């Protein structure tokens, strides 16, 4: 049994995490933190009524470390990196769901996030928590940079076909459609129900912070400098990301070869399903699965992926990493 | 041509009002107010892009009266009654979409709204803007209390059958289902998209402020003291109210007699449609129409009504009242 | 390990059942039937891609019994009762999710379902699969009548307060709001997306087949002849039933007494949560939980319940019954 | 006053058309046809209750021509071109909302639609009903090929920047997101509410029939051979198309130059709004407006357009064409 604390437990990601961990035979949630809220967690998330008897607390790193062998941080970026060093120092393992440790370069971080990084020296040394690509590094680490939701949906279909030289790495267009839960549980006019319902729009065109994350990870995995144009869209659903990705083949290629390349690459992966049909977000909703397919259209390859942004795009991946770090079967609580 | 000012122009009700008035051949919008926002209206409501070249302004009653012969107030309750007296004093006519002038009794107002009424002496003298029941009073007035959305959906089906002694006036249950736009364009956790989507819940059970409004108006119209239990529900759609109303017949009655009573009562009303099928909110969405039907089930009469909460439940009714007050054909801009 | 066949595996209920059973450590799905479809199940339900390697088959009762110790029937009413007798004869246990064995009386069945019952002699002898009320009968049986979705949402909050004489049993109004998945996966104009989205309507007013089921079960449990008016509504969401139930207290009663009565009644039930707040369908979505609260308003008691119509209202309850019948811990695969 | 017949009046497009024409001061609907249905139109479309007293009829071309000076055909492709020649012969003007007269080449039609064209000789001679690009031809014609919904959303933003040589005409990616009403009011498993809700997927990747239509019209307008990759997506909303379009600039270009080029091109167009913000489908929902913007990102130009697929993408455009053909002000009934 591993004791667990969740930092920033009031949001949607934390709620999913709690629900998954309640099903986990080897995990025991022992602390939930919030800087301001001190209510019982079931008043914050009524879906937990009668299921978890804990209240939110404002705790120091030391207090957290005394209660938990593993910490999942659902804090906002920079807030996370302010507490992580001390948690590690106290011997706690940390899975950070914020963006703080995903980028290798302080400069890139500070350019895209427009804030000083509180723990710059660790950047570049923290495994990126996509087990399908970095399982070995994850197993031995005490800190994980849990991937962003859009990057997960883009990197998994692209990495294999860039690595095998099937597409040009610098001419990639990622058109992603996300459910609204990706915006978090914050008061914002733009995510009120009557603003989002019956509505689709693009946002952060050319400026979304997941762009450098996608480029860095694919570059790392493939060894090829990768450039992407990434356009996220807000769509009227709770959950799910569908990414439609346009790339240029380096040579004539057929759909079957693409599907085989993907299938071979992910042959032993329990959560990646290479499918012949066009994926739907609903088919993976509430699960840690990823559905991926590929097509050849005109002079382009189109790859399409579907994930649940809160599960494989956040909390499911976090538990998958937890399982690896603590030597539990990788799919525990996730199937 | 009548010049028009809209107070509190940043919300959903005001937006619908503007859209309707842009189609009105005899209305010219000359002022839009907000206490804080000074942006161009098309930045606040992008659906007005290129359609209305006005900015929000913070204006005194006098300034408003200088620009507009008619004022539509979309201000919150008590804010409206603070400015209305001076507007009337300046000779402007006012259609008040807030709850400030709907109730006859200061005591009832202050009990249910928990605030002091800023203009108590006018209560009881202001016509209630349901033309189907109070057309004569509306025509000659300079101030209208525009009805609440739920009351409109409940009063219209109930008034005729209470007035004709078909049902017991003190044993009525109104179970209403509303779209989220009824909650207004305010920052609230409970109306975020991921909170409302795929979700239905009851709220303000036994305590909703529209309860005394419904009781008072039906009592006035029917001459019979009326008591209702009113349960509103928040449902995952933008617009629409469906009210399912359970009442007790005073004597055996057949569905046909009910439908005929309703049809006769509203025979000449352009916006009320008594239908045989069970109404759907979608069928009246974006319109000023009301669909009503009735059934006899066991020892109860069930009446069902459907309206668009933002149109017949707010801005459409307001323009219908405007047409009557300014002697334009009642359906102008509404059909 | 128990081998399992699912009859009528193409619908939404069957899909949920399969997903739950895939998480069940003691269940192995060995057959899936359809009268017409012979595709691989993952082509019918793409969310099962790579998760269950079975094809649909048209099988006789004998063939089914050879492969499965337990059969879940998701067949339509009367189709189920045509095959159940032979399955039982072959020694298979059956959980019937159709309405065929829920009513005690052939006459009542044939009146409400307008078809001849294929297995009339069994009526009245089959346990009704609500473990919270009939656990003892369920444990020893070889055939279960799995409850209807609306009845589950209505019976659970009502049974305790009728049984304890808190309300009049013959003056009950049940106003229920259901997601569209309750209509099944059939081609119907009325359940097309553009017909249901942004729309609420009542249907089957006074004529819904779940009415006699609700009345019979509450009468059985409470020993008091029960009469209900039941009005279902179709609402724009996939899943969930919210039932708002109006009843008359037999004597003055406070909210606390109601909540205590309910809490005591369900004290040891793992899936029933008596809550103080007003329940939301979203809080129980995807789970086997039931949230129930109560209020006193005017001369009425209002009880509100929320369930997931596909889980506690169908497949989750079915697995709960399966666990009881096969002596597995009752919550297996359901928490 | 112009008398009007609508062919194929049971679908969503016809319903929108009827609603718009009911507001048109110079249009009188005199016939509604259906091959099978003979009900009153208000039973087919309950939103028309009490608003249009006509029944569906199965009429010959001659009978239609006797009743109507203008025919809107909402028939499926090939069904439309089977009746259009005779209608024209009888002296009726026709606005064809099907795809039958949009393509210039019989070969292209028969390749993409996989059916014989019933009236091949007219292909290439029928004006394409986008008034913003073909107003002169529309004014004098007796037959209009009303544009497809996706083509409208793609052609309007692209035509000006291809015509002015700002982008490469043969390297264009159109990623479109449409509401479900675009699929029509047909019984299909894939458009059931529980299949579409909370779901996004791509469909007809590389094979959608609007591809050659887009290419042909832009080629015609710009004089440059145009090639597009077009990927439609089904999204959980009733109405609206958002097209995100990726193209390559022929030379370095700034966002302002793009916006100015678009603004100049559509300077006098009442329905086209070039906006600085990123468009939302909701902002144009229920209207004939088109919102368009442009961005420069990396080595690509991204143009984004939003329309209502049923209005500017179908019935609104049809009425706009009607107004031009019959010499009414172009915006009548559309603003």
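Letters A, B, C and D name the chains as they come in the text, with residue numbers starting at 1 for each one.
Just so it is clear, contacts are C-beta pairs under 8 Å (C-beta built on N, C-alpha and C of every residue); 3 or more make two chains touch, one makes a residue touch a chain.
This is a predicted model, so every value here is computed, not measured.
Chemist: So which has more C-beta pairs touching, B-C or C-D?
Modeler: Here the pair linked by more C-beta pairs in contact is B-C.
Chemist: Using C-alpha centres only, name the chain that sits farthest from subunit B.
Modeler: Farthest by centroid: A.
Chemist: For subunit B and subunit D, let me know how many angstrom lie between their CA-based centres, rounded off.
Modeler: Distance between chain centres, rounded to whole Å: 36 Å.
Chemist: Would you mind pulling out the distance in Å between where the CA atoms of subunit C average out and where those of subunit D do?
Modeler: 45
Chemist: Can you compute the centre-to-centre distance for subunit B and subunit C, using the mean CA position of each chain? Integer Å is fine.
Modeler: So the centre of subunit B lies 39 Å away from the centre of subunit C.
Chemist: Tell me, which residues of subunit D touch at least two other chains?
Modeler: In subunit D, residues 179, 195, 197-198, 236-238, 279-280, 282 touch at least two other chains, as defined above.
Chemist: Okay, in this complex, where on subunit A does subunit C touch?
Modeler: Per the touch definition, subunit A meets subunit C at residues 22-23, 43, 46-47, 49-50, 198, 273, 275, 277, 279-280, 282-287, 289, 291, 335.
Chemist: Flag every residue of subunit B that touches subunit A in the complex, lowest number first.
Modeler: Residue list for subunit B touching subunit A: 12, 179-181, 185, 187-189, 191-198, 236-238.
Chemist: Which stretch or stretches of subunit D touch subunit A in the complex?
Modeler: 171, 173, 175, 177, 179, 195, 197-203, 205-206, 227, 229, 231, 233, 235-240, 242, 244, 246, 278-282, 285, 295-300, 302, 304, 306
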